[in-house]
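Below, chain A partners chain B and then partners chain C, in two separate complexes.
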Partner chain A sequence: MTVIVALWCVAVLLGTAILATAVARRPYGRTFVYGVSLIASAAALIAAVTHLLTGGTLAPSVTLPVGLPWLGSHFRVDALTAFFQAVVNLGGGAASFYGLGYGRHEAAPQRVLPFFPAFLAGMNLVLLADDAFTFLLSWEFMSLASWALVMAHHGERDNARAGYVYLVMASFGTLVLVLAFGLMAGPDGGYGFGSIRAAAHAPGVAALVLVLMLGGAGSKAGLVPLHVWLPLAHPAAPSHVSALMSGVMTKVAIYGFVRVVFDLMGPSDWWWGVPVMAAGTVTAVLGILSATMERDIKRLLAFSTIENVGIIFVGLGLALAFQGNAMNLAAALALTAALLHVLNHTLFKSLLFFGAGAVQTATGERDLECLGGLIHRMPQTSFAFLVGCVAIAALPPLNGFVSEWLIFQAILQSPQFPQWGLKIMAPAVGALLAMSAALAAACFVRLFGIAFLGRPRSAAAAAAQEVDLPSRSIMIALAGLCLLAGVLPGLAIDSLAGVTQSMVGAKLSEQATIAWLSVVPIGESRSTYNGLLVFLFIAASTAVSALVIYRLGPRTIRRAPAWDCGFPDPSPATQYTAGSFAQPLRRVFGGLAFGASERVDMPAPGDTRAARLTVTMHDRFWEWLYTPLTQVVSLVSGTLNHLQFLTIRRYLTLVFIALVALLLVLALWP
Partner chain B sequence: MTNLVFDIAHLLAGGLVLMSLVMLYQVRLYALLKVFTLQALVLALSVAWQAFAQDAPHLYVTAAVALVFKAIVIPMALHRIIQRLGIHREIETVVGFGPTMLAGIGLVALSLVVMLRVTAGADPMAREDLAFALSVVLLGLLMMVTRRNAVSQVVGFMSLENGLVLAATGAKGMPLVVEFSVAFSILIAFIVIGIFLFRIRERFDTVDMRALDRFRGEQR
Partner chain C sequence: MTIDLLIQGGQMAVVLLLAPLLTGFVRKIKARLLRRRGPSVIQPYRDLLRLLRKEAVLADNASWLFRAAPYLIFATTWVAAALVPTFATGLLFSWTADLIAIIALLGSARFFLALAGMDVGTSFGGIGASRETMIASLAEPAMIMIVFTLALVAGSTQLSTVSAHMTLPAVGLRVSLGLAAIALVMVAIAENARIPVDNPATHLELTMVHEAMVLEYSGRHLAMIEIAASLKLLLYVALIAAVFVPWGLAGPGEGLDRHALGLAAFVAKLAVGGVLLALFETAIAKMRVFRVPEFMGAALMLGLLGTLLLFVSRSL
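Now for the complex of A and B:
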């Protein structure tokens, strides 16, 4: 039933994409496209949530007579698909709603409107696919649609390069996935997911598939060192598309990883968790460090996405390690934590990108050093953005805390590992994860503080206006969902029971029936969390202290200049800047992570010119990995280029030599 | 009787290879053309003998086609081309005769080894035929590679095609329509190449391929 609804939604989205090419320039085109996308996403969301909550009937796969001749395309919905469908369509619906208002500022709607529903349809199709061919085709469709959206503003500086890098990385990812599915299908070519699941895979093949999936899904999700396209491509797209790419498409990549590694490859060896956890940890730490140094709001959010993908992969790696040791309950805990973080990240990252889009609409700026003081001019946006920042910084009672807390609960199970390597590794991973959580808090304090507090740093920021009603309302709705998911996490955890049952063969005990809506992942004696009580306590203590201050404090409002070390300077440039906020962290970590160096150019005594502080940072991945790689490629292609300019006789000679060589092989073959 | 049939087929196919080798060391274009004519004659004889041996009357038609086109029409036309272009005195090779002949002998040995290995268990007559046919094809290619003059490259191409016809008739049960289409496509290719030769000549005053390469501005 769910699969039929989902396929109809996809068909509607694809039809809208085609119609959009005709109506994109009309005034009603935007309302039509985003409206239909919203309705289709909402329908798919309702179907998916119903499937999750009722358990759904495990229908056999639906076969459509499109795709490969005589094979068709197979589609199926199980609990895992339904969960990710809910996540994708929640993000997709929110982005469509936001687009209703935000799309008004689009200079070239004909470059955005046709691809937006196509992108949504592609992501849904990846989730629904039940054979390798359909999966890969949908995956590539999704990549190309999002590439077209990244290239929507192709005239702007750096956007063409962003699109090129994204296209190269997407092609690499698909290539690796093709190899992975080819290995899984084996020589008999059973490309249906059912037959891959039923087949027995040799350990070597399975290990190779794991590595390939880390490359294929990792390049789409943003695992270090395949993350380089995210900070380029996400800012290039329009903001609601950035939200989709960052908050939703990376989740589709994670779905691909979970589907293949947990479902299709079956039970794993314990060491599978090691590379996944290691990649996740490195990604989390480097992602958040880069975010902390970043000035561009959307690039900062893209780096923060990399961090969150790293956290999710740590959860998945833990689940693999637990599963390999037959500790199914702990595996279910780790998997639940990872998937819950998938949902939470979609909520708050969409919210934050919408907020970044609102800031960009209001001021035309994405550079933190040109913003400031927006809380006075955009109070509602600021409030929603603040909620998103608190959520992503993993502070209770919001949703980010719950999922990261669950991951730490899973890490606390690590002493039960029989392998000493895992016993030592898991706490180390936990320490690094804790560090990245702390850095995330610093990063988002910096983002909110510099952009929304203080005095405006530019005329554009001073003249900002609150954005349109649809944009504001969807941001506030998402903020409400963040709070709801933080206060009532038991509902989301219970809906994941079906997923963990089918993936790792266990589920957490039912949370909804526990008194006071507490979350008890393992047992009452271990640790529990009650978001509702924390929320009520925070709300009550805030209300009481506000009341007390209001009662006891003076009633009159007095406006005075802020204390400024005794030297009040009217220039907003004297405020604390984004760069100065990042400086301590850059001094601690920058040398190692970015090769950062500072140089002070101090004028001689008596010289009246200004002193200069120059900071240089290096992108190690470009310098050490991608630049040498491009050099090798251009060297090889430059050498082979001569082959294009040979004489006819030389071509004939080449053909002749090749023929003789092949015949020689045939003659000498034993 | 069987032995004699086999030996004669063997002899004629061997003659074809011999003519290919002889062509490799012809320096004058007229001499080259004469050897090519001789090869076409041997081919026609060989095909006719196959027709007799396999008791396949349609192969006589193939033999007649080979005789008319390859031994009469094409050599005469090439003769006229050489005359009109005035290149009958030209001598051109890229590689010396010694290495070319050695390479040719090596190719014959290679094709014998390959074919006898691959077709173990096939009809012995077809086996030998196929081995010789492959040698003729390879020698024709070698000739195209080692010559610089467009006319001698055309001759190399034609002798390569002789090898194909030999292979086609040696295998039993090859439909007539295939042979016809091969023969006609070769004829059309010949016409096209002939026209091109004159066009090249009009432009560059030579049919030496080096002129073309120079014109394309490329290194050799």
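Now for the complex of A and C:
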């Protein structure tokens, strides 16, 4: 049933994409495309949530007579698919709603409108696919549709490069996935997920598939060192598409990883968790450090996406390690934590990207050093953005904290590992995760503090206007959802029971029946958290203290110039800047992570030349990995280039040599 | 149920009422150690009342966040302090948040304090906010390692369970717990902006972190922030006491006499903690801001060492 609804939604989205090419330039085109996308997403969302809540019947897959003639295309919805469908369509619906207002500012709507529903359809198809061929085709379709959206503003500086890098990385990812599925299908070519699941995989093959999936899904999700395209491509697209790419498409990649590694490959070895956890930890720390140094809002958010993907992969790695040791309950806890973070990250990252889009609409600026004081001119946007910042900084009582708390609870189960390596690794991972959470707080204090607080740093920021109603209302709605998911996490955890049951063979005890709606992952005496009560207590204490003080004390407020130790300066340049805020962190962590160095050029006494401070930072991944790689590629292609200009005689000789070589290989092959 | 509610309310009142006293006590001891008379121990109460009675002066471009932040900071800190066992364990709402959540609640308070520091757009607020978040990013991993060690020993992150477990004779003296205690003290010093990380008494701009953020506050807003700072100090002393010297704590369902005893024990623990803090602060000089990473790194290493030692000792 769910799968039929979902397929119809996909069909509607694809039809809209085709129609959009005709109506894109019409005045009603925007309303039509985003309106239909919103309705389709909402329908798919409702179907998916119903499936999750009712437990859903595990229907056999639906076969459509498209694709490979002897295979067809198989589609199926199980709990895992339904959960990710809910996440994708929640983000997709929100982005469509936002697009209703935001799309007005699009200079070339014909470059966005046809691809937007196609992108949504592609992501839904990846989730629905039940055979390798359909999966890969949908995956590639999703990549290409998003690539077209990245290239929507192709005239802007750097966007062409972003599109190129994205295309190369996406091709690499798909190539790796093709290899992975080829290995899983085996020589007989059983490409249906059912037959892959049923087949026994040799340990070597399984290990190779794990590595390939880390590369294939990891490159799409943004695992270090395959993350380099995210901060280029995500900001290049229009903001609601950035929200989709960062908040939703990375989740589709995570779906791919979970589907293959947990579901198709069957029970894992304990060591599988080690590379996954290690990659996740490195990704989390480097992602948030890069975000803290960044001054472009959308690039900052893209880097923060990398961090959150890292956190999710830590959860997945823990789940793999627990599963490999037959600790199914702990595995269910870790998997629940990771999947809950998937949902939470979609909520707040969409919200933050919408906010960044609103800032860009209002000021025309993405550079933090040109913003400031927006809280006065965009009060509603800044309130919603603030909620998003608190949520992503993993602070109670909002939703980001709940999932990170669950991950810490899973890490606290690690002493039961029989393997010494895992025992020692888990606390270190926990410490680094705590560091990345604290750095996220620093990063988002900096983002909100520089962009929305203080005094405007440019004329554009001083003249900003609040954005249109649909944009504001969807931001406020997402902020409300962040709070809801933070105070009532038990609902989301319960809906994940079916997923963990089918993936790791255990589920957390039902949370909805616990008194006061607490979250009790393992046992009451071990650890509990009650977001609802924390929220109520904070609200009550705030209200009581404010009331008491207003009752008893004087209510007078006097406005005066800032004190600033007696020397207030009206120039906004005297404020702290994004660069100066990041300086302590750059000094502490930058040397190791970015090879950062500061050079002060101080003129001699009497010299009237201005002193200069130069900061140099290196992107080690470009310098150590990608630049050498491109150099090798261009060297090889340069050397082989003269093969294009040979005489026919030489070509014939080459063909002859190749033929002889092939025959020799055939003759000598054992 | 009513009694439980009363005890929980009592705890909230106790932490709120004792917090300024602890601050005044530490100041007094520090002054006596420097052979000064020092202000009376109840001076913080007088200061708070004076601030509450004054009108609040707001900078011209201060936003609603600047006015809301003091109440939020106070409320989150108060809620966090109410969840740490002070004179009794197993309070009515003690299961609302475990140790990790309490630490995170303090993180929320810090988040809003740092934002408030940046609201007016002065360089002092910015410098304070940026340094505060830097110190926090180093303190949190150390704190998680301490939580990890405690959870390994007590099998729980629930503070009531941990302190009940720590009174068992089976726990005994452990090197790991000693290391965790030292690490927790170091984190507490950093979190409360005490010497050698920050100086609560200074207004010399280049050395200050916490004071720089609250520079623009006045009147009732400043009062809320000051009392939140006192509450945080009390919270950390209570936390260290509840985990490492949990004796005297009244258990759930015990009589009023036990609770009175617990209260007396708590006041005594606060006094000892205050004296030790004053001694330490007097004996040591403030360090440069960029030495703080080494200080916090040491705390992290101690926490890690505590965990590893536990692993080793268990398997032997």
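The rule is short, and it goes like this: the second predicted complex is superposed on the first by the 655 of 670 C-alpha atoms of A that agree within 3 Å, B and C clash if a C-alpha of one lies under 4 Å from a C-alpha of the other, contacts with A are read in each partner's own complex, and residues count from 1 in each chain.
The working rule: a contact is a pair of C-beta atoms (placed from the backbone, for glycine too) under 8 Å apart; a residue touches a chain by one contact, two chains touch by 3 or more.
In this text the structure is predicted, and so the values were computed from the model without any measurement.
K.L.:
Once the structures are superposed on A, label A:375 by its partner contacts, choosing first (chain B), second (chain C), both or neither.
P.N.:
second
K.L.:
Who does A:175 touch here: chain B (first), chain C (second), both, or neither?
P.N.:
A:175: touches no partner chain.
K.L.:
Going by the contact rule set out at the top, does A:445 touch chain B (first), chain C (second), both, or neither?
P.N.:
second
K.L.:
Which of the two partners, first being chain B and second being chain C, lies in contact with A:652: first, second, both, or neither?
P.N.:
Once the two structures are laid over each other on A, A:652 reaches chain B alone.
K.L.:
Just checking: does A:205 make contact with chain B only, chain C only, both, or neither of them? Give me first, second, both or neither.
P.N.:
In the superposed model, A:205 contacts neither chain B nor chain C.
K.L.:
When the two structures are laid over each other on chain A, which of chain B and chain C touches more residues of chain A?
P.N.:
If we count touched residues of chain A for both partners, the winner is C.
K.L.:
Look at A:514 in the shared chain and tell me whether it touches chain B only, chain C only, both, or neither; answer first, second, both or neither.
P.N.:
So A:514 meets neither chain B nor chain C here.
K.L.:
Show me the chain A residues, by the header's touch rule, that chain B contacts in one structure and chain C contacts in the other.
P.N.:
In chain A, no position sits in both the chain B and chain C interfaces.
K.L.:
Can you list the chain A residues touching chain C in their complex?
P.N.:
Those residues of chain A that touch chain C are 372-373, 375-376, 379, 386, 390, 393-396, 401, 405, 408-409, 411-412, 415, 420, 423-424, 427-428, 430-435, 437-439, 441-442, 444-446, 448-450, 453-455, 518, 524-530, 533-534, 537-539, 541-542, 545-546, 549, 552-554, 556-565, 568, 572, 574-576, 580-585, 587-588.
K.L.:
In the complex of these two chains, what residues of chain A are touching chain B?
P.N.:
So the residues of chain A in touch with chain B come to 645-650, 652-653, 655-656, 659-660, 663-664, 666-667.
K.L.:
In their shared complex, at which residues does chain B touch chain A?
P.N.:
On the chain B side, the touching residues are 94, 107, 110-111, 113-114, 117-118, 138, 141-142, 144-145, 148, 209, 212-213, 216, 218-220.
K.L.:
Using the touch definition up top, name the residues of chain C that touch chain A in the complex.
P.N.:
Against chain A, the touching part of chain C is residues 52-61, 63-65, 71-72, 74-76, 78-79, 82, 93, 95-98, 100-101, 104-105, 107-108, 110-111, 114-115, 117-127, 129-131, 133-134, 136-145, 147-148, 151-152, 155-158, 161, 205, 215-216, 220, 223-224, 289-290, 293, 300, 303-304, 307-308, 311.
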